[in-house]
Amino acid sequence: MSRMAAGVLAVGVTALACAGPASAADVLAVKAAHIITMVGPPLDGGTVLIRDGKVVRIGRDFAIPEGAALIEVEGGTVMPGLIDANAMFAFRGEPNEESEEITPDFEVLQAIDRDSPDLKRAVQLGITTLRVAPGNANVIAGSGAVIKSCGPSLESVLVKEGGQLKVVMGNDSTGGNATPRSGRPTSFYYRQPTTRMGVVWLLRQALFRVKTALGKGEALTPSDTAIAEALKGKLPVEISLRSAVDVETAFEVMDEFGLRRLVLVGCPEGYKLSREIARRGVPVILGPLYAYPRTWREASEAPDVSLNSAGLLAQAGVKVALGSGDGGGPVDLLAWVVLTHRYGLPREAALAAVTTNAADILGVADRVGSLAPGKDADLVILTGDPLQATSRVDKVIVNGRVAYDAQSGASAHGEG
Amino acid sequence: MGPTALLVAAQLAMAAGEEAKPTPLAIEGGTVVTVAGETIAAGTVLVADGKIAAVGRDVVVPEGARRIDATGKTVIPGLIDALSTLYLPPQELAEPSAIAPEFRVTDGLDAYAKDLEEVLSYGVTAAHVAAGSRGLLAGASAVVKVSSQPGVLPILLDTAAVRGQIGVPAGSTISSLDRLGNYTSIREALLSARDYEWALGKYEREFTRYTQKTAEPKAEEGKPPPPPKPPGDKPERPKKPGPDYSADVLLRVLHREVPLLIEAHRVADILNALRLQDEFDLRLILLGGSEAGKVAEEIARRNVPVIVAPVSLSMVAPSKLRYGEHSRTNAAQLARAGVKVALGVGGDDPFDSKFVRASAAVAAEDLPRDQALRAVTLSAAEILGVADHIGSLTEGKDADVVVVAGDPLDVRAPVDLVLVDGQIAYERRAAG
Amino acid sequence: MSTRWLAAGTLALLGPVALGAGLLVRGGTVWTGTGEALEGGAVLIRDGKVAAVGRDVTAPQGVRTIDVTGKHVCPGFVDPHSSLGLPTWEMDETVEAVAAEMPVDAAVWMDRPEVRDAVSSGVTTLVLAPGGANLLVGPCPALKLGPSPVLKAEAAIKVTVGPSALLWDRKPTSLPALLDMLRGALSDTEGPVGRLVAGGAIAQVACDGLADAERALGLIDGLHLKAALLLGGAPSRAVDLLAGRDLPVVLPSLALTPRDKFLVGPGQLAGRGVKVAFASFAPATQEADLRTSAALAVGAGMSPAAALRALTLGGAEAGGVADRVGSLEIGKDGDLVVAAREPLDLSGAIELVVVDGEIIYERVPQ
């Protein structure tokens, strides 16, 4: 009897409309006991009105228009969809063009696999926006792309393409490189760098080459354009690293070439230099931190991880955001918010680390990171307060469409 | 009546009481191809208690029975895939060791397999599942029904046959020495099972003698007790041969309780398989048989049935078509020589079983149409030893019934309805 | 090149019956591939081309007449993507990622068993292509399984957009770089690729999955390529993406897309106006599986007309040879198939195959 009943229930679940053709003129009203907008104080009870994928109104006393679909979670909290500022998953093929070490014009957008089960998992974790970065195998790796975690087409998910020049310091980019033992080198992996010295050398060489060319007014190759933009201060340089030593080296090299718009990524030992980082006004995208190490590189480098990293950095005045980093798909960002708060990050900063701070650093704050009229309707509905460890994701809305509903377990991603 | 209504009706019926019987079901107006008997135009198939209650032109349909109109359609027995990997998770296809006849495929079946609805929608209601395609003697195969309920795995026959092979390459090729080695290994296994039987018999006899010799003489009434035996000269207790599970299974084969299913494709390997039958007088079933048509007479003479698999559909197992010189007319050649033929899809993937009808269609290029259909219904059931349950629309058999919206051998005509054990297992929804 | 082909062709095939004057096939139901079926119709072939199609076709002097009353006649099937005759080790020239001067026919062994089997499959034209380990490879010839094997020497180039073209120790290792290289090679009008494209070769763009299909379409649109899409992954998921485009979409033989349960994809695509074709990707599947795929697609909901079109004109369009083959029309090549029952009824055997007016296969009655 119960098996039959289960069959009927299964027939009754409707497929959610994220990946399917849903009407863009849909009006959605989300009611909750608490609304955290990340602009101004939170509301105790109220409604978020959504039309055509954008937030149109947030408040307590207005009528919901006729025909609007209503979502209400009792006792629930609405907050902006989470932003993963350094997502290194959902790739199709390799995330780097490994035939060379310096690939400033590599754009990761075409390497993103929108069918990846990692994106499906990201949605379930409440992550609505993610910045996909190129891999760590190249010294100058190129640029990433900010996308929504769910949507029917590439255009519909793309928020921002490019926007930084990724540099990898430390020994990640030495991976796979080797010296030929004898005879002629037969593989393009027989090359520099195999050491940190080599990494710095290649980096300085590339920066020097472009700086000289700019100085002489020479024509630039297309791939050097991105470096030129960074030298002119138009493009921030994002440096992935782990050890404090690499942070110091990074600052040295950047100072040498007058590069002041920097972002540090990963950076588990950053807390040791928090004052210096703060003085320079450099933001930090932190992570992975709490499930560490995840990759064998992290294990072999074995940085001095402090669980209090985020708190110490914030205390010194550094803007902190969180990112999944390398090795194993999306992390439970909401759990990290709880952990960073437990380990010293004040409430507002902990929430900002996955919303407004991330949006600011990535340059997409006009669209995501907070709930306000005119901004994208990306929300997470939680069963309780985000800083409470027992709260979980109940529904996720991306661009005004329900992307995940924990009740039915149905997700809008198609089968792989 | 839509599917939701069907489910509700069934629920109501079940809710009527724990002991309530399911409502009888009558499929009326279609062309009923019984396979075992005649084809009835505008006939009725009455289903009750999971069995076929009646088949004919003038069947009395009891009151309260659910009536399904099959006018313009064909009603056939549920199709049987005589070589399938349904319910088998991929790792079960790998072989343990070369000679392991004691392995049973039913131990490895996954009742939550995902491809069942798809296979049902192509009219397949039963499958002969055999694991270990490259082990020399890979274990027992089984006949299972295709279930519409996850977690329910109806096993119709737990040990259908013991599967072996001669000459099936592990990689892309196999040497003639290896192929000969296959044959001799199987033969040796059978001989050693015989030896084991003999050793067991010898032990029995010795133990009887030992018991007699070491028994204390009985005291007789009224007579003085006999003198005790002198010490020394005590006979040794005979040692019982250790358990040999492999031999136990092979003895069942040697005693003709269970058939031996040998996959062989090339003529030389087929002839060696026939030699096994000649030497041991066992019940041989040939599997695969790519070149069997060339030695059809030899096969027919020994009354050996053949499961032809795959049937010229490279889409299911391209490599298998290279095991021998494959021919589309193979099944027909065998049938014309008087060999009982069944068709198996023989695909590597579980969902390949859906190509049973397509296999029958290819065979029908040459075989008379009724024989082609029989090869995926009654002949398969007979060869596998389950013909008293399935394989034809006959009173008393399981109600595994399929309604096709057209000619059963024309794959362009979709399957509209599938019953397994009298329950609706699949119903086609009209395209929206 | 053509001399080698001729010799090899003669060796491999079943001794074509040379019919100088012509061939008239009459009495059966003729499916011309352009409209409805003609019952009691006839096809006249002279000098290798279709000279007349209709109900009242009279046979000129000296023309051999074959009566196919009760049977069905349709155009020879066109397989737009096959590696028939290429042994697996000859499938991929992986040294260069972009290999535009690789004569694919140099690796073909015409007397391999699968080539002999193919003549009875109903496939009369195929585009011969190598594997997918190169970004771009060509030229791929369009071949006939008949006495004059070369239909068009530079019919197509094969482009692969997907991880299968990314090898470990060869540039490119990433999809963005792959797309850059392809764009570069395809837009360079002076280079070997550009010349092939300018010369009319169709770009058959293969993609491994749905995600790659978007990229492939971007490439095709951006460069205004004359192209066909070789779709990998489940066709039913690509319906919205492909609907409303004038782009031939080639689907591999149905068993190669197991994720599309119930085989509904081809019917859904055709229902939305997509020009669908089937390809064998031989030796992954046999040429005979094209017909099986089309029939199974009908069983899953594809319209019979669209299914037959997919095998004939659809395949021809995807191979860039629709001006010569794919339908029985006056002036086109005399390639036809006679089947015992309707063309997509698999229980009816293929009894006769004619290429360029010559009988290359005749089924021996059992």
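First chain written, first letter: the chains are A, B and C, and each begins at residue 1.
Rule of thumb we're sticking to: contacts are C-beta pairs under 8 Å (C-beta built on N, C-alpha and C of every residue); 3 or more make two chains touch, one makes a residue touch a chain.
Everything numeric in this text was worked out from a predicted model, so none of it was measured.
**Q** Farthest chain from chain A, going by the mean of C-alpha atoms per chain?
**A** Of all chains, B has its centre farthest from that of chain A.
**Q** As a test of whether you follow the contact definition, which chain pair has the most C-beta contact pairs?
**A** The chain pair with the largest number of C-beta contacts is B-C.
**Q** When you average C-alpha coordinates per chain, which one falls nearest the overall C-alpha average? Tell me, please.
**A** C
**Q** How many angstrom between the C-alpha centroids of chain C and chain B?
**A** Centre-to-centre distance between chain B and chain C: 39 Å.
**Q** Please tell me the distance, in whole Å, between the geometric centres of chain A and chain B computed from their C-alpha atoms.
**A** Those two chain centres are 55 Å apart.
**Q** If you average the CA atoms of chain A and of chain C, how many Å lie between those two points?
**A** Computed value for the inter-centroid distance: 45 Å.
**Q** Which residues of chain C touch chain A once you look at their complex with the stated criterion?
**A** Contacts found on chain C: 162-163, 166, 169-179, 209-212, 214-215, 237, 240, 259.
**Q** Help me check something: in the complex, which residues belonging to chain B touch chain C?
**A** Listed in rising order, the residues are 118, 121, 312-316, 318, 321, 325, 328-329, 332-333, 336, 349, 351-352, 355, 358, 360-362, 364-366, 369, 372, 407, 409-414, 431.
**Q** Residue numbers of chain C touching chain B in their complex, please.
**A** Touching chain B from chain C are residues 113, 253-256, 258, 261-262, 283-286, 288-289, 292-293, 295-296, 298-301, 304, 340, 344-349, 366.
**Q** For the complex, give me every residue of chain A touching chain C.
**A** For chain A paired with chain C, touching residues are 21, 92-99, 103, 106-115, 142, 152-154, 187-189, 414-415.
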